[in-house]
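There are two complexes below, and they share subunit A, which is joined by subunit B in the first and by subunit C in the second.
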Partner chain A sequence: MSVNGVTFLAFLLLAVILYYLIPKGVRWIVLLCASVVFYLSYGWSAGLYLAVTIVLTYAFSLWLGRLAAIHPAGETAQVRKAQKKQLTHKKRLVLAAALVLNFLALGVLKYGAFFVSNVNRVIQSFGQEAFPLPAFLLPLGISFYIFQTSGYLIDLYRGKYPPQRNILRYALFVCYFPQMVQGPINRYDALAPALYEGNAFDWANLQHGLLRMMFGVLKKALIADALAPTVQELYTNFYAYPGSMAFLGAALYCIQLYCDFSGGIDLLCGASTLFGIPMQENFRQPYLSTSLADFWRRWHISLGEWMKDYLFYPLALSKAFGRLTKRARSVLPADVAKRVAPCLATVIVFLCVGIWQGPGWANIAYGLWNGLWMSLGLLWAPVSSKLFHRFSWKREGLFWIVWGVIRTDLLVIIGRYFSNAGSLMSALRMLKHTVTAPGFGSLNAQVFSSVGLTWATVLPICAALAVLLCISLAKERGVQVSQWICQRKWYVQFLILFAGLLLTVLCVYGNTDYVPIAYVYENV
Partner chain B sequence: MSGKKWFALFLAALALVFVVWAALNILVDPFGVYGDVLLDWDSYTQTLNPRNSKAVYISEHFDAYDSYVIGSSSAASYEPEELEKYLDGQFYNMFHYGADPEYDEMLVSYLLEHDSDVKYIFLVLGLNEANAGHSDNTALTNHTYYKVTGESPLSYYTSFLFASPSYAFEKLSSWHQDTEMPQTFDVFLPDSGCYDKRLRDVESIGSLDAYLEKNGGDFVSPQATGAQLKNIEACVEHVSAIQDMCDDAGVELFVVLSPVCQQQLEEYDPASLDQFYRQLAQEVDYWNFSISSITYDQRYFYDSTHTRNATADMVLARMFGNSDLYYPDQFGVYCENGACVTAEELEASAREVLGTPHTANVPILLYHHLSPADPESGTVLHPETFARQMELLEEQGYNPVDFDDLIAYVEQGSPLPEHPVVITFDDGYLSNYEYAFPILQEHGYPATIFAIGCSIGHYEYYKDTEYTLTPHFGQPEIDEMLASGLISIESHTYDMHQWAPFEPEGALIRGNLLPLESDTEASYIAAVTEDAQRQRETFAAFGIPESNVLAFPNGMYTTLTDVIAEAYGFQVTVTTDNTRVNTLVQGLPQSLVDLGRLNIDEATTDQDILNYLAQ
Partner chain C sequence: MDKLYQILHDCCPDIDFEHETKLVDDGILESLDIVMIVSELSEQYDIEIDVDDLVPENFNSAQAIYALIQRLQEEQ
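Moving on to the complex of A and B:
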């Protein structure tokens, strides 16, 4: 069931009506049933994978919960310390087993073919026969629910909260349908209360939910999907155009990806709001970031925070990294030495972010591109601070903000050469083509038209982008647009609603010419 | 505002959106369901959904028509104008997209029920009718008029009310791009129900190889052969039902199995074809044109499933015994009283006919001014050279013919002599009379002079100026030449071969028939049409028979020029392209379009001429 279709709207309407019709205590069952129906609409086999993950992680969660409930009861402090250490060791083993199994499933299904193809490349160079490439089904949302369940297990290990003992309630946490298409990666402690408590009907939720859904649908249809053919052409046949067009392709891909990903999140967060269940925000005007670190705090926030909490800190604070810092102090100035461990952790984290995006060396390169720049940023920070202090520059000045935004977006755009080029070689060739043959002189209307950029296509996209930019700037200044709209006079609200609905109905749901493209992160 | 009130506002806005949506579809009316009051563009609505739009159109024009062509797009080439030459009915072509005999039956039933004075039903079948069943396509582009299908009016009108707005947007966008000529979005002639073939039917046709080189993609052999026709029973049943309805209503029914192209024929098992022929013969009398010599000549088809309009004209000529129009031997068999022929028999006779040539290569020579005084300059030729070249033709066994001979060859199938050649002169110089005419008379050779209308009788000056020009012949010369029966005078335009230095300063100069940069399509059509009209009047004033051959000044033209020329009655157009081999095809008037000519001047050697003639 495509979430961009009328069927999904009908399904959602039915689920919302049922949810509020039945007693509060059992409302979560409606959500569970709706989630099962939604997920099974993508096929039974995908459902089977999901069910195995739910049962497996549920079993491990109970085990971890039981271990967490054991309190060392030795007579002496020394005995209790030894018992605690043993218990911690056992918990660690259980968690490790759970995570290994969880990520093994993800690894085999998502990266199996990539791994075998690389093995084949090596053995073929020795004249050996290649292994057949495995073709596993990649269940919808696997990269999201594996991370979500893993985060849950790590939190249990850390004793952040007790495990959910009701397997059906736990299943709902894992497969709550608005998060299944492309996240966000929700945290149990943030999501569970609203998920289980049976929220009372609130007109405000309906209002904000519907507005956000409409915004998301339009963002995807009018910008992301409208740009998709041009981006596809520029990435596929970049050699046929001046190199500057390849850069344009990467820049447009940044816009497409943001509107696609955040549009989908808006639609599904809006849908979740209808049930009174807030999901984690995933974006905060990422292209207005003033540094790459800032960008990653605004882009795919739920993944970034997951990586920070469950990978970066455990790594940076680990004994091994502590030893590394000590060793660095012996050869480097103290100010630099203390940054070596965070830098290395950053590189590893972003390597994982790259791998998370999908199999392929290009994704690994994408991760490294970000990780290395972030690490350089960490190392540069003290120098930068001194410079600002020395010349009395103000970081909040317009020049530095604009410079920061341009510099960051430039790095993001170059990074997107890797994440969308199909292969590392292709990305490198495209980059080379951009630099060595920009061909500014041969840019003309015909070139733009041949990639689908005519006045007729560009003007509506620009108009939509202008609206999006205004909304983003308003949000940046702390204005909640949906609230702002709701505070206008009734006729202004009516006009805005009418315009939005007119576009939604005539350009999206009622228009057979518009065929939604699958979300970029729908199958990662 | 409370959330409750906001939601009420939301619902109101949503309701208004649906009202706007419905209003858009009613006003723009892409399917012509609600009267199409805004754009009144039947050609567009028929192109989008001919089933619905034609039925709607005919329901409003029953008084104008009393006879109907029924069938799928294989019936498209049967033009009412041609049918009306043989039958005293007012025809409308109701053809639709997609073979669907069940729909044909529904349509005939509707027509007989609602049009009280139907005279003829002309049912055209192709092999697709015997292969495809009733279309289950529920798309709006296939949705049919409720009075034909029996659907409830409410269901019919509401299904179009909330049609995808893309249809309305597309119609508005097409309206913006609309031109005089048909485009992919307006290919129908609403008055006749036929395709507007003005562009396709002026595409020059020559040798088969050249045709296939250009259009080979439309004639791809099937991947598999020997398929069975899957819908014979149902197809014959529906045809039988149509006959019963016609009999009951006293309406004359013609059933025609239209010509089939080789590539389509190859797809089916001949035994299956025989079964279709046989079962059809058991139910109705019909004309079987499916396999004939033209099956193997793709030039008679637009593509592997659609016959040319000219081919349909041949079918009608054969059916109604019109000996003035060419059709090949053994073309069409009338199957009556249950008798029929087999595919094998048809193929054998087609192969036999293929042994007889139905094409001819005709080179055309082009001369201009002849002068003994200044033989070196430009296109001027010494009269002695001309005389020698005429002797050369005679020595080499070439037989000069005129354009009427070519037209007769193509249209009536009249034979041409061996090694035909056409002699032409451009511009209408006096020297053609003074030097060429006597030589031609000596040989008894016919020739054609393409005269510029505004220059006829201008012996000294260019039009109304004081600029001197090479003398052009006038009334006495015209009278004498025409009286000889050897010389025909045809059009080189009235005034579209202007000489810029002699024209008033700042005036728009039309040195040839190419559109000017400042021309719109409409202004160009108006200019060319007006010029043709003035030429016609001038010729009439000089006692020159109406011209049906046009030589493009400087040999330059566009497709639109051809369309205008065809519409104005020019059956032949000639260029100055000496690489073009003029292959005339009997039955295809398009083979007379844009013929090439060899321009001859003093630099042209005898060998050049012989090489050209031998092409």
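Moving on to the complex of A and C:
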């Protein structure tokens, strides 16, 4: 059931009606049933993988909960300390086993073929016969629900909250349908209360939800899907065009990816709002970031937060990294030495972010590109600070903000050479072509039209982008557009809602020429 | 407290630790800065700051960081 099709809308409408018709106490059961139906519409085998994950992580969560409930009761403080240490060790083992099993499933299904193909490359160079490549089914949303359940287990280990004892309620937390296609990676303590409570019908939720859904659908159809053929052509046949067109392709891909991913998130977060259930926000005007670190706080926020809380902090504060800092202090200047551990942890985290994107060396390079630049930024920070102080420059000045945005977007665009080129070699060739043969002189209307950029196609995209930019700038200034609309007079609200609906029907659901393209992050 | 201010300024010279009270909530203090500060505090005060202590309440202001140091010194 594609979420940008009419069937999904009908399914959603039915689920919303049923949700508000039945008593509050059992409303979560409607969500669970809807989630099961939604997930099984993608196939029974995918459902089986999900069910195994739910049962397995549920069992481990109870085990961790039981261990967390034990309080050392020795007679002396020394005995209690020893008991506590033993208990922590046991909890750590249980958590490690759960995480290994969880990530093993993800690793085998998602990266099995990549691993075998690399092993084959090595053994073939020694004249050995290659292994057949495994072709596993990749269940919908596996990268998201594995991360979500792992986060839940780590929180239990840290004693953040008690485990959910009702397996059906827990299953709903894992498979709540608006989060299954492309996240966000929700946190249990943030999602669970609204998920289980049985929310009362609220007209404002309906308005906000519908507006956000329309916004997401239009963003995807009018910008992302309209740009997709041009981007595809520029990435696959970049040699046929001047090198500057390859750069344009990467820049357009940045826009396409943002409108695709955030459009999908808007649609699904909007759908969730109809039930009165807020999900974690995943984007905050990422292309207005003034540094790469800032970009990663605004782009795919739920993944960034996950990486920060469950990987970056434990890694950077580990004993091994502590020893590394101590060693660095003995050989490096103090200002550099204290930055070594965070820099290394950043590179490792972004390596994982790259791997998370999907199998392939190009994704690993994408992760390293981001991690290394962020580390360099951290090392450069004291010098930059001195320069700003010396020349009395103001970081909040317009020049530095614009410079920061341009510089960051440039780094993001170059990074996207890697994440969409298909292979590392292809990305490097494309980059080389951009630098060595930009061919600015040969750019003309014919070149643009041959990649599908004519006035007829570009003008509607530019109009949609202009609206998107205005909304983004308003959000940046703290104005919530949907809230602003809902505060207008009733007839203004009606007019905006009607115009939005009309546009959505004309451009998307009622437009037979428009064939929605699958979401980029669907099924990663 | 002066020693703490010195450490904080050495780590993040551009941040006004004397007056800011929402360092984490307002995104002034980033995770990279926090790790750097934690590493320095562990070294200078001989304390062990756990991942569980890395919550906004403990890092929103210099006073909150100082309170965290005192608590950990008492506990450890």
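By definition in this document, the second predicted complex is superposed on the first by the 518 of 524 C-alpha atoms of A that agree within 3 Å, B and C clash if a C-alpha of one lies under 4 Å from a C-alpha of the other, contacts with A are read in each partner's own complex, and residues count from 1 in each chain.
Criterion: contacts are C-beta pairs under 8 Å (C-beta built on N, C-alpha and C of every residue); 3 or more make two chains touch, one makes a residue touch a chain.
Remember, predicted model here, so these are calculated numbers, not experimental data.
*Asks:* If we overlay the two complexes on their shared chain A, which of subunit B and subunit C does A:Val37 touch? Say first, second, both or neither.
*Replies:* In the superposition, A:Val37 touches no partner, neither subunit B nor subunit C.
*Asks:* Who touches more of subunit A, subunit B or subunit C?
*Replies:* Comparing touch counts on subunit A for subunit B and subunit C gives C.
*Asks:* May I ask you to decide whether A:Ala113 touches subunit B, subunit C, both, or neither, giving the answer as first, second, both or neither?
*Replies:* A:Ala113 sits against neither subunit B nor subunit C.
*Asks:* Touch check for A:Ala316: first (subunit B), second (subunit C), both, or neither?
*Replies:* Only subunit C is touched by A:Ala316; subunit B is not.
*Asks:* Touch test for A:Leu9: subunit B only (first), subunit C only (second), both, or neither?
*Replies:* Once the two structures are laid over each other on A, A:Leu9 reaches no partner at all.
*Asks:* Contact-wise, after the overlay, does A:Leu497 reach subunit B, subunit C, both or neither (first, second, both, neither)?
*Replies:* first
*Asks:* Look at A:Ala341 in the shared chain and tell me whether it touches subunit B only, subunit C only, both, or neither; answer first, second, both or neither.
*Replies:* second
*Asks:* Considering the complex alone, what residue numbers of subunit C touch subunit A?
*Replies:* 10-11, 13-14, 27, 30-32, 35-36, 38-40, 42-43, 49-52, 54
*Asks:* Give the list of subunit A residues in touch with subunit C in this complex.
*Replies:* 158-159, 293, 297, 308, 312-314, 316-317, 322, 325-326, 329, 334-335, 338-339, 341-342, 345-346, 374, 378, 382, 385-386, 388-389, 395
*Asks:* Residue numbers of subunit B touching subunit A in their complex, please.
*Replies:* So the residues of subunit B in touch with subunit A come to 1-7, 9-10, 12-14, 16-18, 20-21, 24, 162, 164-166, 169-170.
*Asks:* Considering only the defined contacts, which subunit A positions touch subunit B in the complex?
*Replies:* For subunit A paired with subunit B, touching residues are 202-204, 206-207, 210, 486, 490, 493-494, 497-498, 501-502, 505-507, 510-514.
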